[in-house]
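Have a look at these structures, which come just after this line.
Look at the two complexes coming up: chain A is in both, with chain B in one and chain C in the other.
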Partner chain A sequence: MKQLLVIAFTVLSTVAYSQKYFTRSGEISFYSSTPVEDIEAHSNSASSIFDVETGAGEFSVPMKSFQFEKALMQEHFNENYVESDEYPKGTFKGKFTNIENIDFSTKGEYPVNVEGKLTIHGVTKEIKTSGYFIIDDGIKGEAQFTVSPSDFDIEIPDVVRDKIAKVIKIKVSMNYKEFKR
Partner chain B sequence: MKKFLIALVIAVLVVAAYGIYQWNKPHRDVENEDTKLVLTSDSLQAFYGQSPDSAKKMFLDQAVVVTGEVQSIEGDSTTTVLLPGAACSMESDQLKINKGDRVKIKGICTGYDDLFQEVRIDRGVLIK
Partner chain C sequence: MKKKLNLCLATLLIFSGNLLFSQNDTSMLSMLDQEEETVYVGSTYKSTRIVNSHSLKSTPKGVLDFRIAHRFGFVNTGIYEMFGLDQATIRLGFDYGITDWLMVGVGRSSFDKTYDGFVRAKILRQSTGAKEMPISLQYLATTEVNTLKWENPDRDNLFSSRLAYTHQLIIGRKFSKSLTLQLMPTFVHRNLVENEDLSNDVLALGGGGRVKITNRVAITGEYYYVLPDQIQDFYENSIAIGVDIETGGHVFQLHVTNSTPMVENGFITQTTGNPLDGDIHFGFNISRVFTIVKPKSFRKSK
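Entry: the complex of A and B
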């Protein structure tokens, strides 16, 4: 009986304390829009883990995984702007601050607030944004925020200044699955 | 004078052609790229684990061929094949492989993912 209790307790505490969700194929896109030109790039290779109990979450995306329509733009992005040979990934480490308001066992769409540290091009900035968790058969997390290249020490040369927006929109969409060890 | 004008027109055309070629130049054709970097997925992971800097110099953005036993196949926006120590984002969603198969995947090494402690391969294709 005592053993059974120990087992039951162990199982329960594992469920309660380490319910993590993950993906390796999260989508991150960014959009630069100016009167001269619209540029977008997409990656489907972002990895992410978050903890349902604490709300702690992070993601990591290989900069080389961003695909542009034009190979030339992709080359400029990697070589001149984010310098991906030197800084191969973008990372975010933070927290869903209102995780307690989300009922992960009931289907629906829940607004979430996210804050944390975003690192691109070797520079870390605090960001704060909001998004949604859509609870269905899995958990889908979506968020949008904006960044300025200058905040991350990314210099845009004069010749292309009109073609690259001062503020870049970033969309994040992750289909999470339960993490089983 | 006439000669000069002809030369100028040719020069302008050459520059324009080069510009147009650059603007429309094709994306990398990873599948047909030659590579000498052929290794097992777990040894690639070990490289990154032991000396991240020299691994970065050697593998980042290079076409690589990794071999290993399929641990799982996951993903919805893109199919990701998990080998020991490496996660490969595949070009195709229709892969005739199963968990436990030994496979060879060619793709671009995009770096090391600290979250899962594994190497990331992008634009992966199965090769024989």
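Entry: the complex of A and C
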């Protein structure tokens, strides 16, 4: 019986230690800036979950949830560029490589490195970036990185080439909650 | 026995623990039992009109759409009329999206000096996911005012005689990325008709659709069948075939049609061209949209 208790305790504590945080209303924005036109879009429907112990993290955002200033832009984004009907979600699957340096029980701002696979428009690319975990009353994760539409097989026709930047800035901001099964 | 059971339980616990771990390695997001969302089908058409008819696409909320519809003369008028290029029929109009399900518009056509106004509402939206709806259903109501000088000024002419109304249901479905089809059962009421034998009410059934060739080019078509014995024999059923070309900011619609008027009562009940005799107009529609009310998330920032 003792044996069992020890084993059970070990297992349970491992499980408990493998604490996860998640959100279903994460904010993702992207910005394209050219001399001709600035374009930005926002979504607050991103989902994310990460594991405190392993540092594994995942993100997913419905492409149709991005809101543009002009409805026509939004339509072109979905129909011509990211083809949301075929590729409804943008996803990221990766790792916070220095998660062991973060003390989730002490308030503060912790720099964090992220690397993993970003999939948009059916194309997967390795990306590496850094961000912050801001531990306050909650846990906030923030990161910024850039992507090129051409890396994801997104064709920009000649007529609008001057209006869409070659490099798009992406901002990620997540307010995480504790994950309880 | 007890020991065995304990061992069993222990194994089970470890195993379940491992299971939890192995789940981490595959997809953690699947652990967030996400509610299935309703995804509404979009991008049914490039434009809010197929050629003359309303399509399933409506003007988005807060967007003003300035539309120019233009038809040249009949191509069979020969070189003297430069195959129709010397003549023009035009409609200028403004459409506005009040909400994402309600749009309104006004316009003025040179044909019969007609002013028109319409309201179009979405009743059902094709969707997949949590709520599945196989079709879209919309209701269109138009009023047209013919402002030509009275043919018979001595008669007791009433303003109401200038009016005609159209009620239309648009039943459509986007079958695939490239194919959208729709049916338009239509009821037209003319307050005044040419003679006593004619009916004020006209029933017609329209059909239309589009096939996308590339992401930016589509072939469109529409046809109206007017049920027999309602309008004079020399009127023809309206037919139109077109190409939509999207250039990034604008959609150009180029087409051929036997209809001269560009509003419902006009092209459904007053199409005179016989396409088999070459009574065909070359024409185009141009639309330019302006965002009047920005989406909420953009109002504060700028």
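Quick note on the criterion: the second predicted complex is superposed on the first by the 166 of 181 C-alpha atoms of A that agree within 3 Å, B and C clash if a C-alpha of one lies under 4 Å from a C-alpha of the other, contacts with A are read in each partner's own complex, and residues count from 1 in each chain.
Here is the rule we go by: a residue touches a chain if its C-beta (ideal position, glycine included) is under 8 Å from a C-beta of that chain, and two chains touch if they have at least 3 such contacts.
All values derive from a computational prediction rather than experimental measurement.
Novice: Which term applies to chain B and chain C once both are placed on chain A by superposition, clash or fit?
Specialist: Once chain A is superposed (C-alpha atoms), there is a clash between chain B and chain C.
Novice: After the superposition on A, what does A:Ser25 contact: first (chain B), second (chain C), both or neither?
Specialist: first
Novice: Is A:Lys177 in contact with chain B, with chain C, with both, or with neither (first, second, both, neither)?
Specialist: After superposing on A, A:Lys177 lies in contact with chain B but is clear of chain C.
Novice: Based on the superposed arrangement, let me know which partner A:Glu79 touches: chain B (first), chain C (second), both, or neither?
Specialist: The answer is second: A:Glu79 touches chain C but not chain B.
Novice: Identify the partner contact of A:Lys64: answer first if only chain B is touched, second if only chain C is, both if each is, neither if none is.
Specialist: both
Novice: State whether A:Val159 touches chain B only (first), chain C only (second), both chains, or neither.
Specialist: In the superposed model, A:Val159 contacts chain C only, not chain B.
Novice: Which chain, chain B or chain C, ends up touching more residues of chain A in the combined arrangement?
Specialist: It is C that touches the greater number of chain A residues.
Novice: Taking the superposition as given, does A:Ala56 touch the first partner, chain B, the second, chain C, both, or neither?
Specialist: Second partner only.
Novice: If you stack the two complexes on chain A, which partner ends up touching A:Ser105: first (chain B), second (chain C), both, or neither?
Specialist: neither
Novice: Which one hits chain C, of these parts of chain B: 2-10, 20-28 or 74-82?
Specialist: Comparing the options 2-10, 20-28 or 74-82, the clashing one for chain B against chain C is 20-28.
Novice: Once the two structures are fitted together, what part of chain A is touched by chain B and by chain C alike?
Specialist: Shared contact residues on chain A (touching chain B in one complex, chain C in the other): 22, 24, 47-49, 58, 60, 62, 64, 67, 70-72, 78, 85, 88.
Novice: Mind listing the chain C positions that touch chain A in their complex?
Specialist: 2, 6-7, 9-10, 13-14, 16-17, 20-21, 24-25, 27-29, 31-32, 34, 37, 39, 41-43, 60-63, 97, 177, 215-216, 246-249, 289, 291, 294-295, 297-298
Novice: Per the contact definition, I'd like the list of chain B residues that touch chain A in the complex.
Specialist: 22-28, 56, 60-61, 74-80, 82, 87, 89, 108, 110-116, 120, 122
Novice: Quick check: in the complex, which residue numbers of chain A touch chain C?
Specialist: Those in contact with chain C are residues 1, 3-4, 7-8, 11-12, 14-15, 18, 20, 22, 24, 42, 47-51, 54, 56, 58, 60, 62, 64, 67-72, 75-76, 78-80, 85-86, 88, 93, 157, 159-160, 163, 179, 181.
Novice: Note which residues of chain A are touching chain B in the complex, please.
Specialist: Chain A residues touching chain B: 22-27, 44-45, 47-49, 58-60, 62-65, 67, 70-72, 74, 78, 84-85, 88-89, 91, 173, 175, 177.
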